[in-house]
Amino acid sequence: MLVFNQLETYLYLALLLFAIGLYGVLARRSLIAILISVELILNAASINFMAFNRFLAPHPAVGQVITLFIMAVAAAEAAIALSIIVAVYRKLKSINIEHATELRG
Amino acid sequence: MNVMLFGPELYYLGAALVFFLLSLKRKPEPKADYQIALALGVGGLVVTALCLCQQGELFFKAYRVDLFSQIFKFALALAFFFVLTISHNLAHIEERYHAEFYLFLTTTTIGMMMLVSSVELLTIYVSLELSSYSLYILVPLRRGDGIDVEAGIKYLLIGAVSSGVMLFGLSYLFGATGSTYLTEILPKMPQLVSSPIGVLGLLLALAGFFFKLSVFPFHFWAPDVYQGAANQVTTFIATASKAAAVALMLRLVALGAGYGYSFTKALVILSIVSMTLGNLVAIIQKDFKRLLAYSSIAHAGYFLMGIITMKEAGYIAAVYYALAYLVMNFTVFMVISEVAKDGRDLKIQELAGLWRRSPLLSLSLIVGLFALAGVPPSIGFTGKLLLFTSAMNQGYFWLVLIGAVNGTISLYYYLRVIYASYFTDDPSLGPVAISTPMRILNYALIAIVLGFGVFPDRIVELAKAAVHTVL
Amino acid sequence: MLIAPLVGLIILLLLKDEQKFLIRAVSLVSAGISLALSIYTFMAYDKGLGGLQFVEKYEMVKTFGITYFVGVEGLNAPLLLLTGIVIFTGVLTMWELEERTKEFFIWILALVTGVFGVFMSYDMFMFFLFYEIAVVPMYILILVWGSTRKEYAAMKLTLYLMAGSGLIIPGILMLYSASGLNTFNMLLLHKAHFSPWVQKVAFVLLFFGFGVLAAVWPFHTWSPVGHVAAPTAVSMLHAGVLMKLGSFAVLRVAMYLCPDGFHYWAQLMALLATVGIVYGVFVGLSQTDLKYVIGYSSVSHMGIVCLGLATGTVDGVNGSVFQMFAHGIMTALFFSSVGYIYDRTHTRDIHELGGFSRIMPVASAFFITAALCGAGVPGMASFWAELLVFIATVKVFPVQGLLAIAALVVGALFALRVVQTTFFNAPNPKFTHFEDVSPFLGLPRMMLIATLIFFGIFPQTMVGMIKSAVIPFLQGM
Amino acid sequence: MGPCDPNFLSCFLIVALPLLSFAVIMIFTWRRHRLSLAISLTCSTIPLILAWSLFFRLKDTVTLAKPIVTQVNWLVSDAVIVPFGFLLDPVSLLMLGIVATISWLIQIYSIGYMEGDPGFARFYADLSLFGMSMLSLVSASGMLQLFISWELVGLASYLLIGFWYEKFSASEAGKKAFVVTRFGDIGFFMGLVFLTFFMKDINIFGLGIFDINNAALTKKLTEAQFTLCALLIFCGVAGKSAQFPIHVWLPDAMEGPTPVSALLHSATMVAAGVYLITRLFPFFAASATAMTVVLVISTITLLLSSTIGMVAKDIKQVWAYSTVSQLGFMAMGLSAAALGGSTLFAGYYHLTTHAAFKALLFLCAGVFIHHFGTNDFFVMSKDGGRKLAIPMVTVTIGALALAGIFPFAGFFSKEAILAQLWHLPNKLWVGLGLFGAFLTAYYTFRVIFVMLFPRKDDDPVWQEYYVREEGGHGHGAHDDDHGHGGHHGVPWVMSFPLIVLAAFTLVLGFLQTPLEKFLLGESHPHEMNYVLLFSAVGCALGGIGVAWLDWGSANARWQGFIRKVPALENFFIQKWYMDHFWRWFLNTFIYGTFSRIFTYNDRRVVDGGVDAVAFSTIGSGRLLSFIQTAFVQLNLLFMVLVLAGVGLYLLMGR
């Protein structure tokens, strides 16, 4: 059987994506980069959905629908996030997360 | 389909539309906006009250309307209305944004309303995001010196990550059960918790809800956001979204046929940690809202306590306490936003001499704080005792003991606030004028907090009925 | 009886701050009504019949089996009477209060409502609810109207007691859930037979939880500090009534519901009590602040109460309930007279005072009476109480009993030392100009003394009452 | 017999009236002297009449064997049942009479003595209180009632001694008296409690005195237990009637007004101890060991006090010590009787006579003090004490009685006691008794002679006197504080009691036989033991003689023969250092050790511990708050790590 015709492949791929995304969120300092990493996490999720849908879902449409929804939501999220990032830039003159360290304790 | 089933949501959608139109106006007239908002808020109360006894399912069973959801919708509407009542001076939000403020407040309300009655993964996710995104925007809406956007971005990041994690978890659940309906997933719990993928999925999925409920370790946003956001926004976050989160958690576990021992144990530990951490850190806070943030973390622990009993009594207690928490927490925030007319963050010392500046406010402050601390005769006390009772019935002796001890610790910082407001005095601070409606609101709140504390029967019965509809 | 203070409280809420006299009048009236009611119940209670009387009861929360269930029996009737007397006299004592009068009386009345509630309710939930109501107002009362180191004292006191409740809640709930009856009604729970283990754990939780309020050694340190800081009437209420709540609760909840636990821990109780007795006396001996002295004396006296309970014999329990009553009155008398002197002289240092029998003979007569009563002079109520306790104790715990008796000598030395330095010797010229207690202000003190002596001469009126409840109580155990 | 019984009623009145007057005066009339006086007097006269009427009504009907007991229940707890009632038998009847009479006389006397004192009313109130408690003590039927009145007596004496409370020494003395006697009382109480403890089924407090004496009950105790109880009860006795080593309060008690000294510390209160022994005579008699101890202690007391009496210069001090010694003497008599299997008569008889003549002596002293405004009889004599005819005569009579010279009362009673001692196998006791008698005679007549034969101011003896002044002893010459030592004649209210008492002193001696008959029911004719008789009188005369040589005769150098041994004398002047001992004890142990340690412990350990907990809580809060870094990614990391941890736990824990 072909390796890319197996559920595991896609699961591992998704897991990898998820890990990368998580890493990016934790490691990158630029807000934009972090945002992108979040998107990666979402995509990992949607890959999962598609994979499960493809291989063992009783109803073939569900996963795809979900994925579509995820795309839309992700888009909205990106918009909001970007707008806030802009606001951050206006106020702090930087989009480096390290500069947003006012609140503590 | 029966419109009434979807009544509240539709109503608020309409409201959102109105606010949207208002926000398009060229020159802002905040007074008028406020009048309209208030009117709509009252209307929302009426509508939700009317829809209280609806029963039914919508959208291919993805959306369940029952007493449980309707009660919480009413509670949300109440919170919405409360927040509007204290929004008469949105000092920290630029006037041209007032309409938008109302708009997003409405949308997030809609999101939460959908949240409390959605029983399907996707629906849950979407409504969760809807409510969250509006809040993301509301937080940095404040006119501030940077801390607002900082709070906003932190909120956004933590929220986005946890929702992403949750989504990932949901995908596993979907994979493990092949379905997205809670009604089908949760009965499969036993074998789910026995398979690694199921456990992983469940855990990751809970992340999102924990984030809303600000349970340890997803609590990090709370202090910053509470402090950074405008008082009214904080109020809404502290009241409405807590209630919604509790409702959702209840739905999740209530349908469950029982989680594994170790899973419950994990939850127990989380609840203990978050209540202890919240209380301990709250002790050293200077900013009142931040203090309340930590107290909310502690309360998340209490909620969890009711939920993990996995028994009817526990759910009843949790529902009761959620409603109670909404009211008493609002009482305190109301005092904050009344005292801090200019919308600034309130330091605890700034409450100095409140008994002189406004006896009524100081009284409601005391009542509210004692209620939060769980001192009788208040709904806080009754609710807490019910929670403990149900937990003890399930044999969580140590959980109860620690909870009780935590009550003592929490009393310490609440007393510090009372001490500041009641004993210290600062002649430089002038009297706080409050309008007649606010006066009435004060009396009403005090009456509710005390009255239902001594005679909780009605609420408990209501909660019981609600829980029955869920089970 | 519950209602009277509540109504007064609500009326007060509506009153304006300015109408001081009206405020006082209202609170006095409501206090008076509750006094009258308590006396009425004391009189009207049918000892021959025994058992619960004047019962009121209705369901509060069916789901959790919470009922509002109050009644009067031989055990709480004396304490109700005590509360009535003390609150009445307390209000009279604070008649001169000028600062934030309204709030003061509001809180006082709230407190008293709680106290009455605790003494009367037979439902654990309500019991605890009232218990907290009674305890919490202390914080504000001390904080606002208190004197020395009040922030510290108030915070300490409240947290201490709340920590106590932190133990009480699990204890109560444990019994509740262990019974499986889904009821908080004590009479029903009493019938549920708990396993020895449950009883042991629950008892120790409850004993220490309530013991904190009863100033059981070594959890007593809040009490002297609190007494010192609190304003007169509050000290009166607190030492006179609130501390009794603790011991009463130990009796009513802990001992009543888990007899086996009690028998298991009785030794410990007796030990702690004895330590408290001896300890309190000795520490008090080296205090120079009048209120500290009294505070420690009450630690010692509460020790006697606890010792009586520990014996678990009819005599012992009779004695200790009687002692609760007597000590309540006595301490109220103490504090009211000290308060009077303090309000005038603004010092409580016994070395600074002196010769007050010449300056204000009446006031000092009050104090001396109280002191003698404290020293256990016959003819005062407390003598009988202590007598009963001691005899009972020697039978059960000989050693502790003898130690406690021996402590009496030091007790006498202790009381007389204070009396001598404060009221005898040459008057301090600084204070010679103060006028004596006016008849009106003297009235409450006179009432207290009258009570002391009445029950000192006719102890049977009290003991008979208590006995009517204690005997069935202990048979039930 | 119920409360309606006439005896009960009269007794009840006897007890209740003084209490009533006390209450009335204290509450209402304490500002109005005359009125208070009237009340108090009526309330002491009626009991007087009642007491004697009882005496004469019942004197033929009652005997020691079958007394009249009337009582009602006072307190009925479960096992503890306390009766309230009266026990009338010869002993109590006679004592009632004596007490009533003397307190009545004292009240009369005080009209003059306390005149114009600011606390006049209070004084009478206290007197009434004392009368009440003493009377109920005497007539109590139950042990507990006896104990209660016992305590009340202590209270009254506290109030009376500290009457001039503004004088530090007075209030101090009052405190001392109360605490020291309390010390004894606790012993007494413990004794009772032990009795209850040992005889489990019976409750001693419920029993009458009569029952305690009844051997049937007490025989179930082992010898040791019995002795223990007896000794503990004797502690009470020792406390009240000032036996060694807790006699120290009595001399200080002389700080009180003289009538008080006369009433409490001679006739009634201090006699209460001895009275208790007579009451419980069979009980005590049952334990030989205890009685021996009593005998020893009382002997020590006798010698100690008489030696101190030899050197005291304050007239009241002298009488006080003589009182102590006489009390010792009585105790000796009783214990000797108990050991010798004889009757309680001798001791009790001496108690009676002593009451009379000692009261007399004190009252006379009071007259002098009142007159000259000093307590120092040297000064009195210098100021011409002997000019006051009546007191001088009466004091001499009293002195003769005290010294035990025929035909005065003291002679007979001492004779009786010595007879008891004589019967003891060991003749040491009688010897000591005689020695005591000698000393008594000596110091008594030291006073008398000094008063009778004053010296000129230029007389060399005065340097001597002043030298001794340096020798400083506790209660030297200090003037009375009620400050009216004006030179006026003796008012009749003061001299009248003197005469009455003097009469008693003369008469009582010859009433020995009838009294004995009345007390014991039969009087066995006592064979005249001539050896003893003569030796006793010899000792007395000898004492007087020595006193004459030292103080009386024209060329006496006014210094006691004891001066030959200065060390000893100083030892006596310092009162055998008993006061020092107690003071030291108090400071070192009570205040020094326990109180200090406990207080420290309370502050530091207990309280400190609590505060430490509080602070550690806050500290941990501060510590935990560092988790909340401002840097969001750290938070996220933390979040992820915890999540991973929980995940691992779940996967492993499955």
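Labels A, B, C and D are assigned to the chains in the order they are written; within every chain, residues are numbered from 1.
The rule is simple: a contact is a pair of C-beta atoms (placed from the backbone, for glycine too) under 8 Å apart; a residue touches a chain by one contact, two chains touch by 3 or more.
Because the structure is a prediction, the values reported are computed rather than measured.
Chains that touch both chain A and chain D are the following: B.
Set side by side, B-D and C-D show the greater C-beta contact count at C-D. Relative to the whole-protein C-alpha centroid, the nearest chain centroid is that of C.
Per-chain CA centroids place chain B at a distance of 78 Å from chain D. Centre-to-centre separation between chain C and chain D, using Cα means, comes to 37 Å. Rounded to whole angstrom, the centroid-to-centroid distance between chain B and chain C, based on C-alpha atoms, equals 42 Å. Computed from the mean C-alpha positions, the centre of chain A lies at a distance of 65 Å from the centre of chain C. Residue positions of chain D touching 2 or more other chains: 625, 628, 632, 636.
Among the residues of chain B, those touching two or more other chains are numbered 153-154, 157, 161, 165, 223, 284, 412. Looking at chain C, one finds that residues 159 touch two or more other chains. Annotation, chain-chain contacts: A-B, A-D, B-C, B-D, C-D (touch as defined at the top). Chain B makes touch with chain D in their complex at residues 153-154, 157-158, 161-162, 165, 193-194, 196, 199-200, 203-204, 207, 216-218, 220, 223, 260, 262-263, 265-266, 270, 277, 279-284, 409, 412. Chain contact summary for the complex, chain B toward chain A: residues 121-122, 125-126, 129, 133, 136-137, 140, 145-154, 156-157, 160-161, 164-165, 167-168, 170-172, 174-175, 178-180, 223-224, 227-228, 284-285, 290. Against chain C, in their complex, chain D makes its touches with residues 26, 30, 73-80, 144, 147-149, 151-152, 155, 158, 162, 165-166, 168, 170-172, 174-175, 178-179, 182-183, 186, 189-190, 193-194, 196-197, 200, 203, 205, 590-591, 594-596, 598-599, 602, 606-607, 610, 614. Of all residues in chain B, those touching chain C in their complex are 313, 316, 355, 366, 370, 375-377, 381, 385-386, 388-389, 392-393, 395, 397, 400-401, 404-405, 407-408, 411-412, 415, 418-419, 422-423, 454-457, 460-461, 464. By the touch rule above, chain D contacts chain B in their complex via residues 617-618, 620-622, 624-625, 627-628, 632, 635-636, 638-639, 642-643, 646-647, 649-651, 653-654.
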